[in-house]
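Common to both upcoming complexes is subunit A, partnered first by subunit B, then by subunit C.
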Partner chain A sequence: MSAYLAALFKDIHQKTGLNFVYMYDQFEYRRMIDGVWTSAELIVLCLICSIIFGLVGAAARESKSRILFMIVGAYVEFFRNTPPYVQLLFFYFGIGSVLPQIDMGGYFEPLIGRFGWAVISLSLFGGAFVTEIFRSGIESVPRTMREAAEALGYSRIQTFMHVVLPLALRFCLPALGGILISLLKYTSLAYAIAVPEVTYTSQLIWNDNFNVIEMMITLFIFYNLAVMFFSLLMSSLEKRLALPGYG
Partner chain B sequence: MYLQLWRQTHVRFLAHTQEKFVSNKTENAISVLVQWTPFILEGFLLNLVISFLAMTIGTLLGVGLGLMRISRRSYLNNGARIFIQILQNTPWLVILFAVMFLVPSQFKIGGAQIAISGWVQATVGLSLPIVANVAEILRGSVHSIPSAQWEACDSLGFNRRQALSMIILPQCYKRMLPPWMSWYAILTLATPIVAILGVREGLGSAQAAMESAGGKPEYLMPFYGFVMILFFIYIYPIARWTKWLEQRVSQ
Partner chain C sequence: MNFAKFCRGVGASLFFAAASSVPALAVDPAAEQMKEILSRGVLRVGVQGAIRPWSYRDASGNLVGIEPDMAKEIAKAVGVQLELVQIESSNRLQFLQQDKIDVLVGNMSDTPERRKVVGIVDPDYWASGASILSKKGAIKQWADLSGKPVCAVLGVFYIKPTQVDTGAQVLAFPGKTEAAAALRGGKCVGFLTDDTTGTGLLLSGEWDDYEIPLETKHETPWGAAVKLESRDGPLGNLVSGVLYRMIASGKLINLAHLWKVNPPGWLTNASEKLKHD
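Moving on, here comes the complex of A and B:
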């Protein structure tokens, strides 16, 4: 099957000049697959960490401690109103240069590498938006539910975990899906700190083979497929979690 | 076993943090930053110009695309839908790359040769996602108009074009304003991306300033922090105003 595809694309290259190198050249194929895989890892890690930061942030906004409320408020406002690209550079170059370096024998390697900083920076950025989404979801849970839980003897944390959070999740799922898709697209910024994800790898390939347009088409296809797959995932999740007769 | 590993790889701090004059270095970095502030502010002005132009172009074209999207002719509707989907699903950086490679940097009209500088290409590139999103905003707000309005237009004998231009769209403008402003904020926060492509705007100026001042690592945090604060000072009031507008519109 792959031999057939390779022959097909080589044929297309000879007949029309459209050069999809990574389809018939083993080296470029390996590079492309590595790039796609790194991109997929980056996307999955960023989405999961954003949701975790968002949950922590939303829970902190719910808490009675005034200091926690203000710290999380400052975090959300800062990360929402500053450019994500500059945040990434600040984390990787700025903070990365003052962290300790590990002696590897002949050279020194920084404690957190490019991929790590990309995940940290993008997750903090996404977490700020997800915090707001979860907060709006939590606020839209009717107060009657909380009062009913209190009447049944649930503690504050128990109410939050067993009553408020499941309902809030179902209310905010559409908006959450939109934000996560937006974050998926922002992961391409990791290109700027030379994380070898699909945009960076495509550039390496088109630098070697001068097939910019074909690699651009590939990039468009990759991101469109990724977003469509994720949208499908979110809508099937919405259907599964839908409460019968509620909204 | 882990203790052995720990003994084998010892951790070393960068040389400059071992010195006792840490605060002196930071003070020095801040004074260098103050020296370069006018230069960085000029670059930030270019950021604002890019955002205004991209928003203007994007809004004008986006309204046109949005009208195609709500058209009843299926070729216009579906064509617009595919175009909007592609533009909405692709990262802004990839769209920018595509535009930078595809838009020529100079072309001839008649006998004159016109050069298009990098930031103009970048502005066109940044306006494309805005086109798609303004089209979606228009579609969303037209759909949010109660169907009673359409039925009233029908009963009064308006054709579709008259109904849209005289009755429906004027009601939409107020509803479109908060999401439109929100997209302006997102666009402005995305303008530093053009620094990847070599345009000397706010972030590019800060990076050039750091290089000119010697490229020392202690400059990194103050300079990048300053660029972030600039954007924060500009965007935070806009974000608050958008929230206030949203509450006003939803009444």
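Moving on, here comes the complex of A and C:
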């Protein structure tokens, strides 16, 4: 925390009443920075895991196995049809209590902590949507492409990996970006199971300092910056992957 | 002619207005209220409906608890019948202001803001604050919480002081239900909550393996109230006197034991201070 900024924000508080307390109070500063870091970790892990779940799900839907197809179908339905908030509570309070945990004398050290459950639950939720988006991308790859690949002697898996997937990825990038942005914002729900991410810490700070408006502004800025950064990443990816002749 | 008549008319009405308003100003609303209660023969006391054991409905639907018992004492002192009126925390001040009740004994913290709108009488009669609900034997003192997870509800003021004083790792949940479920699931060593909530949970019969092992911290006193204009009148002074005697004679502490709650340290101290050898 720089002394100059601290003095500046203290001054702003005295002159305007706007209390960005975490800019000059060491305790609240620590809380805020921890919250921002936890959020950043949560967002990155959730986005990566949901893409992995989506890829696996879409590949399974493409496979010939009927059972795999049905399992993925059930997974997608379950996670799309229930609110992510309910899923979080279900995983943390429901499944979390059934899994083995270590007795610490008066409380239990669980196998998977609150942060872990937030990542698992939100990634599974995001993964369900990503599965569907990848599937739509795969389906929009023209049949003739596959036939051409087959004619060249590609196996089924080779066709999927080298022909279908690269094209499908390009087709579904805009839709994928949209759903991942939603997921990024849904990470704020993790406050429900007391994961100390930025929404949670903001609530703690405004409870202690009665500066709700200032913390709301902070949250808006944080999520706006996060989404802006992510959008830039996605659009540069789109540009890099653009193929002449394919929209 | 017409003008003279008009002047006379105005003069006369001004005179009557002045004459009739002088005795009206002299009427003391506090005294009037007392007279009205006596002629009605009933004292209406506002109490909570679902805060066990302070004031709640028993199996037959009657309002019972510490606060109804206190209301009985007050009605006895006035010498009239008692009528208990169930209030909510959100409307209790309005009930007093709109004359729907005469006295409020309703689990209400004594704050400077409230003192501006209703007549909170001295002395305060109870105090509640932060305490810990935990598995029997899990903790013995506040220092035992150091480094351990403690559940709480987002929005209470004693999260930060507890973190700073004890080094506990506080997990704050959006609601009481989630925090209580987390304690039951063993996700934390204790539930940091106000002792009123904790006692209510213990008495519900579903938390038999649990206890409130630590002394209460950050206590705020509770006050009984009458209408603002009646605070220094007969009714306010009467309620003051009854509360004073109940605290000084130890009657209030006995009530606490009768209803199976630990009297707060604040009350024990107050009782001790007012006691004469």
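One rule holds for everything that comes next: the second predicted complex is superposed on the first by the 241 of 247 C-alpha atoms of A that agree within 3 Å, B and C clash if a C-alpha of one lies under 4 Å from a C-alpha of the other, contacts with A are read in each partner's own complex, and residues count from 1 in each chain.
By our rule, contacts are C-beta pairs under 8 Å (C-beta built on N, C-alpha and C of every residue); 3 or more make two chains touch, one makes a residue touch a chain.
Since this is a predicted model, take the numbers as computed values, not measurements.
Student: Clash or fit: what happens to subunit B and subunit C when subunit A is overlaid?
Tutor: Fit: subunit B and subunit C sit side by side once superposed on subunit A.
Student: Let me test your reading of the model: by the given contact rule, A:22 touches which partner, first (subunit B), second (subunit C), both or neither?
Tutor: Touch partners of A:22: none, neither subunit B nor subunit C.
Student: Go through the superposed model and pick first if A:83 touches only subunit B, second if only subunit C, both, or neither.
Tutor: It touches subunit B, and subunit C stays clear.
Student: Once chain A of both complexes is superposed, is A:108 in touch with subunit B (first), subunit C (second), both, or neither?
Tutor: After superposing on A, A:108 lies in contact with both subunit B and subunit C.
Student: Looking at A:93 after the superposition, I want to know if it touches subunit B, subunit C, both of them or none. Which is it: first, second, both, neither?
Tutor: Once the two structures are laid over each other on A, A:93 reaches both partners.
Student: Contact-wise, after the overlay, does A:160 reach subunit B, subunit C, both or neither (first, second, both, neither)?
Tutor: Neither subunit B nor subunit C is touched by A:160.
Student: Who touches more of subunit A, subunit B or subunit C?
Tutor: B
Student: Could you tell me if A:53 is touching subunit B, subunit C, both of them or neither one (first, second, both, neither)?
Tutor: neither
Student: Could you say whether A:125 touches subunit B, subunit C, both of them, or neither, answering first, second, both or neither?
Tutor: Neither subunit B nor subunit C is touched by A:125.
Student: Regarding the shared-chain residue A:192, is it in contact with subunit B (first), subunit C (second), both, or neither?
Tutor: After superposition on chain A, A:192 lies in contact with both partners, subunit B and subunit C.
Student: After the superposition on A, what does A:117 contact: first (subunit B), second (subunit C), both or neither?
Tutor: In the superposition, A:117 touches no partner, neither subunit B nor subunit C.
Student: Please give the nearest C-alpha separation between subunit B and subunit C in the three-chain superposition, to the whole Å.
Tutor: 5
Student: What residues on subunit A does subunit C touch that subunit B touches too?
Tutor: 89, 93, 97, 101, 104, 108, 191-192
Student: Under the stated contact criterion, what part of subunit C meets subunit A in this complex?
Tutor: It is residues 134-135, 137-139, 148-149, 151, 154-157, 159-160, 164, 171-174, 178, 181-182, 185-190 of subunit C that touch subunit A.
Student: Going by the contact rule at the top, pick out the subunit B residues touching subunit A in the complex.
Tutor: It comes out as residues 9-14, 17, 85-86, 89-94, 97-98, 101-102, 185, 189-193, 195-196, 203, 217, 220-221, 224-225, 227-228, 231-232, 235-236, 239.
Student: Quick check on the complex: what are the subunit A residues that touch subunit B?
Tutor: 77-78, 80-87, 89-90, 93-95, 97-98, 100-104, 108, 181, 185-189, 191-192, 199, 212-213, 216, 219-220, 223-224, 227-228
Student: Under the definition above, what is the set of subunit A residues touching subunit C in their complex?
Tutor: 27, 89, 93, 96-97, 101, 104-108, 110, 114, 191-194, 200, 203-204, 207-208
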